[in-house]
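Two complexes, one shared chain (chain A), two partners (chain B, chain C).
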Partner chain A sequence: MIQVNQLGKKYGQTTVLQDVSFQLPQGQFLGLLGVNGAGKSTLIKILAGLTPPSQGSVGWANKIRFDKAAVSYMPEMDHFYTHWLAKDAFSFHADFFAMNKQRFLDALDFLNVPLHKQFSQLSKGNRTRMRLAIALAREAQLFLFDEPLSGIDPFARQEILRALAVEFRCEDASYILATHQILEAEALFDRVLVLKSGKTLLEGQAETIRLQWGNSILEAIRSAAKE
Partner chain B sequence: MTDFDTNKPIYQQIAEDILKKAVRGEILPGDRIPSAREYASQKLVNPNTVVRAFQDLEREGLVVVKRGLGNYLTTDTTRLEDARFQLAQKTLIQCAKDLRELGYTTKQIQQLLSQQLEVMK
Partner chain C sequence: MSYFFRLWLHEAKRGASSLTLAVLGSVVCFGLFSRLGKTPEEQMLVPLILVLLLPVVWGVVGSYLSFSSEYNNKRDLLLRSLPCHAFYLVLAKFMWTATCSMILLFLIPIFAPVFYDSKMTKWLQLSSGWITYGVCWSFFSSLGMAAAILGRSSGKYVTLTSGAIILGLSVVWFLLATPAAGIETLGAWTLPMPIFIGVGVTPITFPIFSTGMLIGLLIVSSLVLERQDA
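Moving on, here comes the complex of A and B:
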C-alpha cells in the first residue's frame, strides 16, 4: 500500500501541487489524469524520488520500503543515448537496478521492437516501446509511466496499454499511468486520481466514480470540473 | 475495453458477456473459458476486474475454477438455463420500465410488444 498524504510542491512562488492525498493498494493500477500542467508529472517525479515534496509525505506499507530501487519510472521524454541498441539500454540499467532479462526480451518481442537498430534510428513509436520494455523489465514494486501514449498512433496505443496493464503486469506490484487517453485506458484502472491546477478533482475507485457520476470516467471529469 | 457500456459496472458486463456466449452456445457446458489474464488482454480491461467477474460467476455456480488447470463453464445445464431466464427477465423489466416512463399502460405495452414481434418475424 502506498499512502500519499497532503502532498504539496512549490517551485519558487509557483504552487504546482496542493494538498494531494490518495492511496494505492498493492497490485492495483491507478490512472493519473488531468490536462497539461495539472501537476501529473510533478507528482510522478516526487513518487520516483527525483524531487522532494514541499509538504506532505509518501508512505509505504506491506514491507515495501521507499527506495529508488523499488520504483521503475518511465519519463515522458526520450531519455536514452542515441547510439544505444536494445541490449545496451539493458546492460546500462542492469548496472544500477535488478532487471529481469527474460521479461525484457519477451516485452521487446511482444512489442515488435527491432533489436539491431540504434535508438535514434527507431521511429517515435519504437523508441517509446524500447523505453517501455526497459521500464517493465525492472524488478520493482511501483511502476510509474508518464504519458507513454502521447504522440503514438491508436493501434500502437492499444498494444502499449496491453503490455503494461496486462501482459507484463506483476501481480504484487502497483502501477501508476499518467495519460490523456482516458477513454482508451479507463477500463484498466482500479483507482483514479484526477488533478486540476495541482489540486485533486476526483479520487477513488474507478468503478465507484463511474457509477456515482453515472457515466464514463471522462464524463465524470467533465461533470466534476463544472461543479 | 473499447465497447463497454458506461452505465454498468465493468465486472458485471464481463460476467454477462461470458453468460451470453454460454446461452448462445458459443461456449458449451464443460468448455474451458479464457483465464482472467487472457480475457483481460483480449478486451483490454483490468485483470483485477476480470478476476472479480469470474469470482461472481463461480459463486453463482456458472463457472468452475479448477486450480492450476483453468476456468470451465459448468456442466449443470439447469443452472445455465436459470441464468438465461434471469437475463431475459432483466431485459424485460428494463423494457417495461422504459415504456411505463413514456406513459404507456399495461395493455398498450402488451399490444406494442406483440406488434413489434409481428414486425420482426
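Moving on, here comes the complex of A and C:
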C-alpha cells in the first residue's frame, strides 16, 4: 500500500500542494483529477521522485522511502530522444530498469506503434503510444501516468484505456492516472483524488463518492465544488 | 557504480556526432580562412580573428535557442527519472565533456598542424592549455546540470553564467598572454573554443550553428577575396 501523508509543495512563495493525504492499496487504480493548475503534475512528480516535497511524506506501507526503480513514470511531455526507434527506447530503459521485453513487444503490437520510424517522425498519438509501451513494460510496483490521453483522438484514447485497464495491467501493481477525460476513464478508477488549487476536494473509493455525491465522478466533482 | 558507466556511455553516444561536427567544422573553417592571408602572419591571423568571433555568437545565440526550446527540459526529465544518484548524473556529464577535451587534444594536432613546430615541448605546452580549458568548461557545464537535477529552475542561468565567465577569462587571457607568447599560442586557444561551447550546449543547436558558421564564413571569405583581387 502507498501512503501519502500531509504532502505539501511550495515553489518560492507559491503553494501548489497543501496537506494532501491518501492511501492506495496494492492492485488498485487511482484517478487523479482536477482542473489545470490544480497540482496533479506536481503530485505525480513528487511520487516519481523527481521533485522533493516541501512537507509531508510518501512511502510504501512496508518500506521507509520511495525508490525510483519501483516507480514507472510516464510524463505528459514527449521526453524521448527524437532519433530513437522503439527498440532504442527499450534498450536505453533496460540499461537502468527491470523491463519485461515480451510485455513491451505485446504493447507495441497492441497499440500499433510503427517499429521503424524515429520518435520525431511519429504522430503525437504514436509518440504517446510508444512512451506508454515503455512505461507499461517496466517491472514496477507503482505506475504513474500524467495526462496520457491529452491531445489524443477518441479511438486512440479507448485503445490506451484498454491497454491500461485490461491488457497490460499487473494485479500486484498500483496505478495513478492524471487526466481531464473523466467520463472516458471513470470506469478504471477504484479510488479517486480530486485536487482544487492544490488542496484535496474529494478523496476516497470511487463507488462511495458516486453514491454520496451523484451518479458519476464528474457530477460528484461539480457538487463538491459548489459546497 | 555501473550506472555511472552506463550514463557516461549514453552521454558519449549522444555527443559523438556533435563532437565530430565540431572538430571538422572548426578545422575546415580554419583551413579555408588561412588561404585568405598573403604573408605567413596574415595566414595565421585572419582565420584566428574570424574563428575568435564564432564562440561569442555561437555561445550566446546557441544557448538562448536551446534554453528557449523544451529540449533541455525533456532531456533533464529523462535523465532525472533514472534511478541514479544525482551525483552520478553530474559526474557523467563532467566526464563526458572532459573526455571530449582529451579527444580534441589528440585529434586537432593531426588536422591542424599549422599550430605546431617540430618541438615536442611546444606541443605539450599548448596541449596543457587545452586540457585546462576543457576541464574548466566541463566543470561549469556540470554545474548547470547539477542545478537542473536538484530541481532549481536556475540551472540554465548557471550554465549561461559559467559560459560567460569562461569566455571572459579567455578574453583576458588572450589580452595578457598573446603579446608575450605569440600568435601560435593565441591560435591554440582559439580553435577549440567553439568546440567546447558547442559540446556544452546541445546536439540540436550544434549542427544548425555548424552549418550557419560555415555558410557565414564562406560568404565573408568570398567578399574578402574579391576585395583583394580588386
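Things to note:
Going forward, the second predicted complex is superposed on the first by the 223 of 227 C-alpha atoms of A that agree within 3 Å, B and C clash if a C-alpha of one lies under 4 Å from a C-alpha of the other, contacts with A are read in each partner's own complex, and residues count from 1 in each chain.
Everything below uses one rule, namely that contacts are C-beta pairs under 8 Å (C-beta built on N, C-alpha and C of every residue); 3 or more make two chains touch, one makes a residue touch a chain.
Owing to the predicted nature of the structure, the values given are computational and were not obtained by experimental measurement.
After superposition on chain A, the partners chain B and chain C are seen to fit next to each other with no clash. Angle at chain A (Cα centre) between the Cα centres of chain B and chain C in the superposed arrangement: 160°, in steps of 10. Touch criterion met: A:29 reaches chain B, while chain C stays clear of it. Within the superposed three-chain model, A:216 lies in touch with chain B and out of touch with chain C [touch as defined at top]. Within the superposed three-chain model, A:167 lies in touch with chain B and out of touch with chain C [touch as defined at top]. In the composite built from the two structures, the nearest CA pair linking chain B and chain C is 28 Å apart.
For the contact definition in use here, the chain B contact set and the chain C contact set of chain A share no residue. Note for the complex: chain B touches chain A at residues 1-2, 4, 6-7, 9-11, 37, 40-41, 43-49.
Residues of chain A touching chain C in their complex: 48-52, 67-69, 73, 75, 77-81, 92, 95-97. Residues 27-29, 158, 161-162, 165-167, 169, 184, 187-190, 207, 210-211, 214-216, 219 of chain A are the ones that touch chain B when the two sit in their complex. For chain C in complex with chain A, the touching residues are 3, 6, 10, 14, 70, 73-75, 77-78, 80-84, 151.
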